[in-house]
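Chains: A, B, C and D, in written order; residue numbering restarts at 1 for each.
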């Protein structure tokens, strides 16, 4: 930690800061420049972090520059090798690019079974589908709830595909965990701490979606809540950030993929459906995500997008999805991976 | 609702769209321009909204332009006069500018009582303080929980100030409601729908903070969830959006104040403490918020910011807060309000 | 164009708007809904565009929704087939992915010749290098000016690579055009209209970089200035937008690629060097750009990045660049293109 | 300057960095922490800045943290007292809040003289009006050019108001300087370095508008270009940044006002007309700007906004402007200033 003093800071102010730091059991190096005095702080990280805010308010301090990352368990420094997350019969995080596909919402038995059959036939490894739906408007379709979970389980039995579905609230976790192979925590809930802690305490793998304006540190600290409860089976998902390109619903931040792969050992996947909000941009952005190094994709597929109760405009139909999978197979091979 | 066809759309595609709209019981006006055909849709709003996404996916459709706002109960069109929210002995939304002040977290009996005394003496009308704290890092102080609520209640008895405190989760609502005069829903939880619905079902007034990248429509639709449960006692709070000015923690979007006042009948307040993240910018931005037409302020005050367990850098000490209140009194008078 | 009236607009206000529109020679369709009256306007586009702002201010008008895109010559509707831009011996916009590589700044004869040799050997088709450098700080290296242009020309003679270099100002165009095969207009100058017009009047192909907060409409309208002067040889370049991911200098908006390819006939290339600002993310984002459908890449290469006078941290060294080219060859093939 | 080494950096890498720094004549302090080694660098600032990028690329370096601000002449540390800029008979930067008002574009003799009379009567101190107009579309009105400048000069003679008008290009400076009392550099040209240098060499005061996605450092470095040519008569203008609130054209970043006032001695004014893009939000945001501490306002006024050739929707008519001035007088007094 580095403390930068104001240019007009007095000797007494510098002394007071040094005493405060030393009183906490940390060591200091003082460096007196022409324009400013800079104080380096050495010692226990937790102590430094606890002191940080109070040092920012100390008289004469211009700013405090942390040197270390604020997260620990999720960091590559803590676990240098790639984590592989196991979801039923499938894995996420190895050489194979995992494809999770399915409808936004489970709408009916016919719809989810038809979709499960179609995405399995095209080569997807996992099935997604929402039973509890967080919707911007209270007047939109809110999901089939437990009936939706039951239909997902039926689709799993029929196809063998493990299922990924969202819990919106800590109180829903127990019910969702009874059916799901992987719990999804949505972008709106990325910082819902009771939910993160509950997911951490569950035995299930978790897919954590980045909030639409979350920094990568915030995403990693949200994951840290889960790992801190003893659950290391976490997959991060980039799904678009708030931007100003009106032609897509969000701005897919693909550079987050190589950056996250460098900062953390957790697998990183990409959701081009929410990231673009328009089905016609899903295929090129799915290819771009794989080329950028993503460990997997989350793709919305609906047997009849024009009749979907939610997210129709960003859903692929089965034919488009099969075409996408074919092109991804060639692409994955070209970069030394499989799909 | 207006449907804009692609420039190369065929007559058959136009016809198919018209039939789809009419089959839902809506009327159409077709307008054939040089470059494009545009279809106007007239009829029941709910039906239009339900058709919207499926029309976006129909062959030949370029885009669908909604004409109406997606929210209803919160809109000025639904209730033209200003809503006044009553919180214990105080009101928010009338000619008087409400000031809610107090520490970020309740830390101890001494701390909360000293702060309550100080903000009351300086003229604040309500006391804020967090007992359950949503913190970016799992390693930060997480709040005193029920003990914090009890201390807030003691501060209320001593000073008469109604108390405002946060619930992070629907499951916490019952406990929080036992002590609080107003429930705060934080920025990270703006789209936590079980929490919004639960707050709607409670009898208490609710302060809903804007998410850091929420559009104003999203904020108003989140409030709509609360009103839709029958609770119209809702105050909206602007607290800064994600921006790229590194000198402040967020970018305080003060133009949201006059825009929201035009769109909704609900009171609008501003939190310059979180909005700037730096105590030295709190006073000018508090003044700016009142000048922009805010119905109230939410200000963090701590007896000793350098010792605060959270948000010290953005907290005013009691002297700075008293100075701010003095300047706000003159300012409020100059624009025809009181404080 | 659609005019949406306020919910309380009077019949007289509607009538006044209709008269204003008809007085300009345009036709109207009135549609009276439950909540609002909507007026459709049909007729000459230029007339509509000129009326638009004054209609927005007319009493009783809520908003005016334009239906047509504001650009013309650059649009796919105007020219449906892909434009191929010819730069010396090379083309940009066909099946082959064009790679433009070289240093940020021309620094010396040795540096530019060594770089030209290296990028040619690795398979680049064009050479970039700045002689006039727009630098954020007046204290940074500002370029070798005409001497830099002369060195670029020498590198072209030696390698046969056409050269791409920036003009910062309309007054520099004549000089730059004497040496360059393609004029670059930088992100900071995307809306420098005298420069756009001057580049339009020159005979040379132009590479126009997107401003860091430009919408795609603004980028296309900037290109429209160039085409409007009779020069249709324009290539658009995505190079990152302002975001909040602190790990990269900008946020590379790759979804701009498929969106632009749909809106315009002009070729679209990507600059992953400026887009990320960090050499270690250049290769994955270059691959992602090609997978997203980019027609080319602009990559900074320096023989010794640690000694570069500008942009060292984002420059590849010759070995990294050769590795990137090898991986791009496989990738391009997998998506049916060549490099 | 602080150099943070990667957690796995070898001793040899640390040594190589230290040698590189010392070879440039700078001193180092090494601090070996548990997780990382940190190297403090002390010595001449210019040398440090020149080394920075090459250190970022050195093997084993994680990142380089600059301690000093990158600007000098514009900083409060260089000139601690407030600069007062003199424009004809008026000043900007003292206790009085300067109001610059007038139309977006000069359109005709009647229009500019009527506006000048109206804003003078309402109490404005300076007259604005564009003769050269940077327009997003090549099909929009581009200004009356020299004829516009002549009309502005006539308005000055008639009213005594000094005139502020834009130059879009270094080549226009000589002509504009022949008529103007203050040169405006627009947001799109904030980083047009030939223009900044030319304005620096002129004798005239300069109003520099912040680019819509410029950081405050970038704005201050752009001003530094002007001061570096010997012209210290510079006023900074906040006019809105790119945001995602669709109800206003830009997001007015008022916290920039107190932050800039702390970082620089230059006066800071605010343009609520461009900042909001809607006349109905101009008055509340003008009041908020003054309450936040702005030294002045730039307000668009047009005798008949519905007939304006540019920016009608954001222009006040003379009555609204007179009302605004009346409210600002009371407000300025309440915060100890005058208008």
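The rule we apply is simple: contacts are C-beta pairs under 8 Å (C-beta built on N, C-alpha and C of every residue); 3 or more make two chains touch, one makes a residue touch a chain.
Since this is a predicted model, take the numbers as computed values, not measurements.
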Centroid comparison with chain C (C-alpha atoms), farthest chain: B
Of B-C and A-C, pair with higher C-beta contact tally: A-C
Length of the line joining the C-alpha centres of chain C and chain D, rounded to whole Å: 25
Whole-Å gap separating chain A and chain C, where each centre is the average of the chain's CA atoms: 31
Gap in Å, rounded to a whole number, between the CA centres of chain C and chain B: 38
Two or more partner chains touched - positions in chain D: 213, 241-244
Chain D - residues contacting chain B, complex: 213, 215-216, 241, 243-248, 251-259, 262-263, 275-276, 280-281, 284-285, 287-293, 327, 330-331, 333-335
Complex contact set, residues of chain A against chain D: 2, 4, 7, 29, 31, 33-36, 38, 40, 42, 45, 65, 67-68, 77, 242-244
Touching residues (chain side chain D, partner chain C) in the complex: 46, 49, 53-54, 56-58, 70-71, 134-139, 168-172, 188-189, 191-195, 211-213, 218, 221, 224-225, 228, 241-242, 279, 305-308, 310-313
